[in-house]
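Each of the two complexes below includes subunit A, the first together with subunit B, the second together with subunit C.
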Partner chain A sequence: MNALINETGAEILKAIRAPEFLLPTLLMPCAFYSLFGVILSTGNNNAAYLLATYGVFAVMGPSIFGFGVGVGNERDKGWLQLKQAVPAPPYGYIVAKIITTLLFACLALMPIYLIAGFFGGVELPREIWLGLFGIHLISAIPFVLIGLSLGFSLNSGAAVAISNIVFLGLAILGGLWFPVYAFPSLMQTIAKFTPSYHLAELALAIVGTGGEHASSFNLISVLIMSLVLLGLAISAWIRQR
Partner chain B sequence: MLKNTFYISALGTILTSILVLSVLPTPKESLLTTSVESGVLLIENATVFNGEVFLENTDLEIVNGIISNMGENLNSIATRRIDASGKTIIPGLIDAHTHTLGDALSSALNFGVTTQLDMFTTPSILSRELSMRNNVAQAEQADLFSAGMLATVDGGHGTQFGVPIDTLSSPSQAEHWVEQRIQEGSDYIKLVYMPYSDYFKSLDRPTSAAIIQAAHKNGVLAVAHVSSQQAAKELLEDGIDGLVHIFADQEISQEVLDLAKSNDVFVIPTLSVIASADQSRLADELSKDLSISDYLQPEQNQQLASSYGEHKIPGFELSTALYNTKLLHQAGITILAGSDAPNPGTTYGASIHQELELLTQAGLSIVEAINAASSSVANAFTLNSINATGETASPRGRLISGAKADFILLNSSPQEDIKATRAIHSIYKNGSKVERTKAISVTQSPNNLRLHNPNLSNFGNGLEAARQLTWSPSDDSIANGSSVATIEIDNAILKITAIVRQGFMFPWAGASLFAESPVDISDYSSLSFKVRGTIGQYQVLTFSGPQSGPPPSQSFKVSGEWQTVSMALSRFRGLDKTQLSGMAIVAGPRQGEFEYYLDDVKLVK
Partner chain C sequence: MNTALKTTQLSVRFGNKFALNSIDLSIAASGVTALLGANGAGKTTLINCALGLCKPSSGTVQLFSKTPGEIEAKKLIGVMLQDSALPDLLSPREHIQLFSSYYPNPLSLKQLSQRCGLESFVDKRYKTLSGGQKRRVQFALAIIGQPKIVFLDEPTTGLDIDARNLVWNTINELRHTGTAVLLTTHYLEEADSLADHTVVMNNGEIIANDSTEHIRAAASGAVIQCESTLDLNIIAALDDVRSVKMRGRKIAISSRNATTSLAALLALDPKLSNLTVSKSSLEDAFKQLTDNSKTTGDSA
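Our next item is the complex of A and B:
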């Protein structure tokens, strides 16, 4: 436990000391949401609709980059190998990163919520706000797993590039920036195979603009995708050893 | 040190999150009516027409867009209560025949139409609009069900609007065609079968029969546009599920009545649009009805004012249409209410109230007429509503526990007079009160320059006509069409080269005369000009005030010889003479290449 807390503290410290990596992932969703959700928004329901999807987007940044790029980097420097030799629980490294990611996810979400509530005119019952927060935090799971798989299988240079592509791809295809129904039908079909799409649908169902599928379908899809990604992450972990 | 870093940041983040989540705004009670409905609403002491009978002293309890309970003196936990004593509640209306363009769905809702059935529109709108019908939070537009693209032949009815259509010509194409429509989201299949028309080509009988079969194979209904008894008879023999117009070329024969009866079909007579083709000008009465006109938008006024030219269209006798509808109804065939908006003389929402009146003239009782625009449509088309979680299907078109909370509060009961459906107290969509959009009060601007000089052309001196009026090329590329026009002055007359191409509903290309600011031409009664050029169909379009859809127009023919065309301004249905912004003398809507000359354009008192 002690080791875990120390490990997490170290992760946080590292993140704070390298703000050039962290700040963009925190600020970009916030800036995007202000622009598309509030300033350029025309319809009266847009701010709430986009709050649900941009929240997923906000969590995606720290999850994918923190792991994909972070792990890739540390592996390159031999840090991961060293870790395996120290007398600390082997999962500690991952758990510390997950806790750090969740903390940063909270920090990324709060300004978006504040902008939505006080500038976007989004008013939701308290339990809906909490539910939305919950689903946004849960969104971290599949993205963390994607980040891990990338970090374990790529060197740091490739991890940066691929993480970016995956990040943008999932954001756009999943309908986090523009609603999926605005896409051509082929893209709509592809969207259904991304976790971001199903997480966005779940978040939308919570704010009351339910999508085209039952929430149970979205939930099961996310679960299956997470399991597949977990398998992928484990096999990548084994291979890199 | 690391421990402290962890504790401080973890605690800080958690506290910040709790703080933020507890100060975020929550909806105030008064906003509930227009935003997401989370509370329970009770409407008390109304007379409720549930689809069968009028129930006195009835309460409706609504939760999450659905009628959760209904009955006398309900025990409800509702905090918001609306006293509706003296009011009659009927189901939200369903217009069974429309074409979705522009603000169709919000205009319809503005008059109590909560669900619209579309019988041909651009398939690209479907994925968005069809997904909206499952959204139980919205109260801004009617829900849509649609045929999407229609089945017709190259050069057939439907192709004249310039919307690209995937036409078909042989039975072997039918199955693939129908599958494509279903992929696009079509809820049912509409085909155009008019083999006896003098104006249009038509699908042949084997192809139309194959389409009907393919639709049935895919588990969807096939409905058809017909305009003659013979065509209707053949379709009935081939298994059509419904006719979306009544034919009015002949009085219905016993044979066709028997066929319709034994096949259990439904008929959407669309008497409003037949009345318009018959030049009955019933729409004028509608647009003067204060309970309607107070909510008509400018483009709706224009749609009601527009007409099918100046003459009755042969084969569209309103009296025959009424007679045929009456006999079908007496024979027990399901009659449904559809307006065919926005065809000339009809508009979204408002026209369904006129259709109800016409249906009672065709012998439907008042209860049957209301059902023809609610529960009967839902039954015939098996319209189900799927709520946000996709779990429950709640019926439309009737007011019972578990049904969609789409309904209208009327100021007086329609039991005596069907026109009572027009006097709407309030409209509820998904359990939320609809903010009705009022008509923009027409502030007559007397400041518009009165046009004193009647000469609109002075081609000897250039393209500038009278003060502030200038000629320029005009084509539908401003409306994303692909027609092109060029103009030049040739020996003191205006020469126009125009290529009219498919790409816009009402393609045009030619020359227009626009004013820098609107001018008042109420001193004049007609327009006259000289023209010669490529033989063909041409039109004069007029533009005034705010408008959408087709501008008021009249057509004329051109020959190789100079001729003088004269048109009464009053025949431009919907033209506001006090604020003319421009007019255009153009080729179209038929496609082709045109070259023509204009001279001596003037207004006559």
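Our next item is the complex of A and C:
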């Protein structure tokens, strides 16, 4: 337990000492939401719609970069190998990174919620806010697994590049920046194969803007994708050893 | 003899190349042992097997009768890996704090700072430290858990003389506190001045395993170098000649007794030129051992 606390503390210190990675992942979602959801908002329901999707976007940053770039870098430098040779608690490193990721996900979400509530005119009952928060945090699961797969299989330079492509690709194709119904039909089809799309649909269902599919379909899709990604992460882990 | 590390018929194969080929080795639970060999000889693979980082293709490894990789085995060892950088953004103090939470009886920051000379940079970020300072921090993490055996993979590669001396002194201190040390090196000088016991590896096999003194003695005598028109087989048959080979244009003769070999040589070829005679070092022993293993079955 003591080791896990220390491990988490070390992860948090490392993250806040790299503001060049931390600030963009924390500020970009909030800045984009302010611009597209509030300032340039046209329809009356836009602020609530984009609150649901930008929340998923906010969680995606720390999850994909924290794991893809962070793990890739530390594996590259041999740190991960040393960790496996010393009596560090098994999985302590991963668990500490997940706790840190969730913490920074919360830090990225809070300003978006505040802006939505105070400036976007989004009014929701307390339990809906909580439900939304829950779905947004759960979004971390598939993205962390994507980050882990990248971090275990790429060297640190490639991990940065590929993480950026995956991050932007999932954000745009999943309809986190602009609603999917505004896309041409081919892109709408592609969207259905991204976890970001289904997570956004689930969040939309909670704020009552309604997705295109039943939530059960979205939930099962996310579950299947997460299992596939878990398999990928495990095989990447085994291959790198 | 108490055994720290024991391998039986240990083989590791990458593709169809043997990184380790049927290694039988026992390392005592005290004293300093050097694993000596050129790059690619299998030293790091052997260490990685002892740490549980590398699975044997066949054979067994035991660490104090435990399986490497088990948490109980890990608590008994200290590790300094080759090219293993610590996270850049933490200070030595923070690294030490994290690692001390892994072990039941860790050394305190103060004890470690004194033993490894960390006082002046304990709060600086790791990335701002010099190469020697970084190595000292890695060394501190290797001994923090008061291990029974410390594995040091190339502990002084790339260090300047001051930093190297500091590591050497600390290894000697470990010897005096009864901690076993297994270090890999391709510096013969390092094995020569630090190790009680030397294991020489070549191409995934152990080609010598003896006290450092014996290994040096095996090569005692001299190396005679000269240019001569004599046939190598004739020279090889001379008194006290151990082996003969060409080194560039020169003939290198390893001899048990320089005086007798040289007298016989000069009698056969009075016109030989560019003659040098030098005392053989551990390096010669090492060269001879690796050459012999390359040309097993050769008459030379």
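Keep in mind that, in the parts below, the second predicted complex is superposed on the first by the 241 of 241 C-alpha atoms of A that agree within 3 Å, B and C clash if a C-alpha of one lies under 4 Å from a C-alpha of the other, contacts with A are read in each partner's own complex, and residues count from 1 in each chain.
By definition in this document, a residue touches a chain if its C-beta (ideal position, glycine included) is under 8 Å from a C-beta of that chain, and two chains touch if they have at least 3 such contacts.
What you see is a predicted model; the values in this text were computed from it and never measured.
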Overlay on subunit A: subunit C relative to subunit B, clash or fit: fit
Which superposed partner A:123 touches (first subunit B, second subunit C, both, neither): first
First (subunit B), second (subunit C), both or neither touched by A:85: second
Partner contacting more residues of subunit A (subunit B vs subunit C): B
Touched partner set for A:17, first subunit B, second subunit C, both or neither: second
First (subunit B), second (subunit C), both or neither touched by A:77: second
Contacts of A:6 with subunit B and subunit C, given as first, second, both or neither: both
Which of subunit B and subunit C A:103 touches, first, second, both or neither: first
Per-pair minimum CA distance [subunit C against subunit B, superposed on A] in Å: 7
Doubly contacted subunit A residues - partners subunit C and subunit B: 2, 5-7, 9-10, 13
Touch list for subunit C against partner subunit A, complex: 51-53, 71, 74-75, 77, 79, 81-87, 89-90, 94, 97-99, 101-103, 125, 141, 145
Residue ranges of subunit A in contact with subunit B within the complex: 2, 5-10, 12-13, 16, 44-45, 99, 103, 106-107, 109-110, 113-114, 117-118, 122-126, 129-130, 133, 181-182, 185, 188, 205, 207-217
Sites on subunit A touched by subunit C in the complex: 2-3, 5-7, 9-10, 13-14, 17-18, 74, 77-79, 81-82, 84-90, 241
Subunit A-facing residues of subunit B, complex: 1-7, 9-10, 13-14, 16-17, 20-22, 24-28, 31, 35-36, 38, 127-128, 131, 134-138, 140, 183, 387-391
